[in-house]
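Next come two complexes built around chain A: one with chain B, the other with chain C.
After this line comes the complex of A and B, so read on.
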């Protein structure tokens, strides 16, 4: 319910190496904003700077309309969920949940009511008298969530809150957190290294690498129009295939694949590029002779997932993936004809790594308008 | 721990155990193996703890000769005697007073030092070292240092008092001051150990608990009361128990500072036992006193576990 504005944030721990440099973002009120990036890229540091647990060495943080970077954590009016939950082991679940209300001297009756309401929302009613150690990982996680939202702070920060849960529970909690956020209209800044969480939960995503912002956008923008090869390979599973390519004679050459012809009028200035192709854009061809841009690949590994099949092969000295829907009777060692449509190819300048051209949205669904779906 | 399944496996599968019965009772070999491991401490405990303990109880029923050999069986007379002896009752009172002064004051001082030394400040390592450094000093050395400090005319304490224009204090010669002086010395000597243990306990507390409390608006004292002290309770329980036992067993500093005087005001029970046995050669009554001391420590420790432990939050 409050906007959070980051302006040219800079952070260094040792005075010389920057951990974060020039981070800019405006997180809208009520937005679910996900900070994603590989481990060690500075996500936690950034979140802790917003919380006031880490000092900022440059730039400004504004929460609501108030300059916040010099305020104490308690004055920033936010709540936080920690990766290890940070529950008080000596307090009961109920006392853990209402800890913040107790600090703020909320009257006992109101404390009780709000504690119970929040516990009910998270399905903790039966566990209120237990100590944290008597709970499962998932239940502890809920207590941590309850403690954060019972305060009714307008901004909630979460640092990898689901990373200690098993895959199934994680998927469940993703949906649950998202629902609570919508219901309460919270502004959430959510840190994760898991691109699936980022894609499924975020209204907008900020991709961070080595302390530098790579891209900010909605999940589909990030997926369809990655700003550079890092974002392209970080988001999506299996990752986007990336290889060095050369543009000659109106064709894109990638080692290990047939030349991919450029369409008429689609000339590119650069010669040396990185070409990125989503696994689903590597398509099987029935007639390799007639189809342009086709080539033979040798399958190195096959994963049949029931509804889709993922093949691994080598091109331009790297592992590439192809993902086809359905169950394909393919075995390692098979040589299979595939083709790549130039329209699906994303191109990045080799020197600057900046995007030259996006691949077209791979799934038809993205092309259908909302109105059509709702009919 | 690991040896149990290993032995079983080799017993069943490789068959390197010749005796058939070994296979049927694989535990038996483990048992003797365990006993073998226990043997050294068992021997040491027997020689230095169990034998002297039973010998003491035995001796407390006898009158003894100068060599400490039992000569006349007197039953409970030794006990009857010491409980009517003014000297022993005075010693018991002095000991209880001494425990009541040194244990709470020592633990609170160590807690205070640990709390300030746990703050993340530049150069705090220096203070941590200083606060725990007296751990490395022997009782004798520390007592001699304090002997100098307490010296009536040359001691630093009295010099300070006179510089401030205050009247001087007979630290070790006045019966009221003497027990306080010995207590101060003891507190100073024990602080290092208690400090180090409590500091360790503090550092074991998850930093995130404080961070969350800070975000939720809890101030220092609130955090101390609702997080630090409850989380520290197992450590405090340990330190209080150990300090209690230590205080009851105080000997060295009494011997060096006051020899139990003046007017027996610092004649703590272990010193009293020592005098009874090795100055008066009354090994029987000395043993009876030792048994009483053992009983006292046992009761206090049991009470401490029974009532103190309820307030402890183990994680």
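After this line comes the complex of A and C, so read on.
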């Protein structure tokens, strides 16, 4: 297992507009590292640069202790899973799996053994003699994974490997890939546009937007302490509510909501800010007269999911969401009182979009430590 | 209504297949007739005697002509497949400046009729001393714009990721060519192979030009010789020759057809 180091990577296709600029990251050996961002932000380009399928226009890539950015793809000692699987249509499942071993001149007996073992790990034993076109989408996906794993390459790259599967299979494969990665201790660099995949699979996540790194951190760091409004709204579903706010008279004013009082000693230098509030932090108020910082909202849409209810309303000219657990008897058009606790609010500077203050994270609110859980 | 439509359709199909097939069947019938029967305009022979076939083999070294045709057709087929697939590979998988312009130049040679290039080709062959040799009969046909075009179209359907996957796996470009691209394009290769073989087998003018003795002559010339050898043409013998010449091409077509169908249903990507 090897470390992968990206140092000030730069990429442009047309010579002028950068597709990636100044990307820095160190992916530790044995780590599940997720690259996440909206479509077109340069994730695939970055992955393909690491693989050597795309040349770099600046910066350095180090794999293990070796400078890699001038090496051929095959010299970088990595395996790759493609979005459309890229199976060889003329070869059987087994031959597809061991194709790379064949090229590397692994002896026949060992090839057979490793091919069998990997097929077993992925539940492909019954399909070894079939051709790719005789398999379902999920099975092809497994063959593609098997082909990457059988290599025993220290680094494995995956470009949206689950995006062609249906939702249920995707959830299943998420868990399966994660388990295999843990069992084999693989270093995986995984590209996805799906924040759920990023949150559930990654040991660490790198959020990318328009070719610029927004934040690198563990899933909870990214969720609890987003570095800017982009990360705040990209991670989490429904997304964090964001609105322009003004701080005056020791209160935070957001259009469409009641003023939110700042606690004693919690003064903020800035006046113009972006306020970010997670949907679960928009709380229902039982006694609107007594509670400070409450306001009336008009419900525009309700989604009842069984275990929770998601309300949509408008504040500061944008769609906002509130997520409450349980089944709430609320209808569109209802006007209901809600409040926001200042401790739950994340603030970002309006000019630089940099974080000023993080919202209180849900685990702090619940006040249960890991030690207590394990008892 | 539907029934009547169907009956009309079948009658039309049967009629056209009779019209299409009549010359071949008649040739087969004539090949069994003796001279008198042919002249009397009979449609069916009185007996199926093989005399004409015997005579056909006796009057000319037909076997050696057949062998020449086979060697030349197979060589042209192989040459075309190799040259066209390599050219198509370059046009699809190797990036270079002016690739498309070069390709269109290449394709535009399809508009020059072959007869127009015959004389310069003949002079070249003569200069090389390839008159009366297999080289002269085969090499001019190796580069085939149509074949390159056909294979390029197929190669273009191969997903880019397949190439990238083999790069990551450590395949060289040439290994990618023969381990992935060729097997995946089997259908088109078979089509092109049959096309090349049949075209060469049926070629007449060029073999006539560049050969002047029996050593490398092909069967098409033999047929012509049979017609002109005697004062009055013995059509029974000529038709026997025709049937002999047609058989290998039919075999190839039937064999290839199976392969083609298999390829069409199996080769589908993704």
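Worth pointing out:
Please note the rule applied: the second predicted complex is superposed on the first by the 370 of 375 C-alpha atoms of A that agree within 3 Å, B and C clash if a C-alpha of one lies under 4 Å from a C-alpha of the other, contacts with A are read in each partner's own complex, and residues count from 1 in each chain.
Rule of thumb we're sticking to: contacts are C-beta pairs under 8 Å (C-beta built on N, C-alpha and C of every residue); 3 or more make two chains touch, one makes a residue touch a chain.
Keep in mind it's a predicted model, so treat the numbers as computed, not measured.
Once the two complexes are overlaid through chain A, chain B and chain C clash, as defined at the top of the document. In the superposed pair of complexes, A:99 makes contact with chain B and with chain C alike. In the superposed pair of complexes, A:51 makes contact with chain B and with chain C alike.
Once the two complexes are overlaid on the shared chain, A:296 sits clear of chain B and of chain C alike.
When the shared chain is aligned, chain B and chain C each come close enough to touch A:78. Contacts of A:220 after superposition: neither chain B nor chain C is touched. With chain A used to align the two structures, chain C clashes with chain B at 292-300, while the other stretches in 4-12, 274-282 or 292-300 stay clear. The contact surfaces that chain B and chain C form on chain A in the two complexes overlap at residues 51-53, 72-74, 78-80, 82, 84, 86, 88-90, 99-100, 103-104, 133. Against chain C, the residues of chain A that register as touching in their complex are 48, 51-53, 72-74, 78-80, 82-86, 88-90, 99-100, 103-104, 131-133. Chain contact summary for the complex, chain B toward chain A: residues 206, 208-209, 211-218, 222, 226-227, 230-231, 233, 313, 315. In the complex of the two chains, the chain A residues touching chain B come out as 51-53, 72-74, 76, 78-80, 82, 84, 86, 88-90, 99-100, 103-104, 133, 147, 151. Taken in their complex, chain C has these residues touching chain A: 159, 161-162, 164-165, 167-171, 175, 180, 183-184, 186, 266-270.
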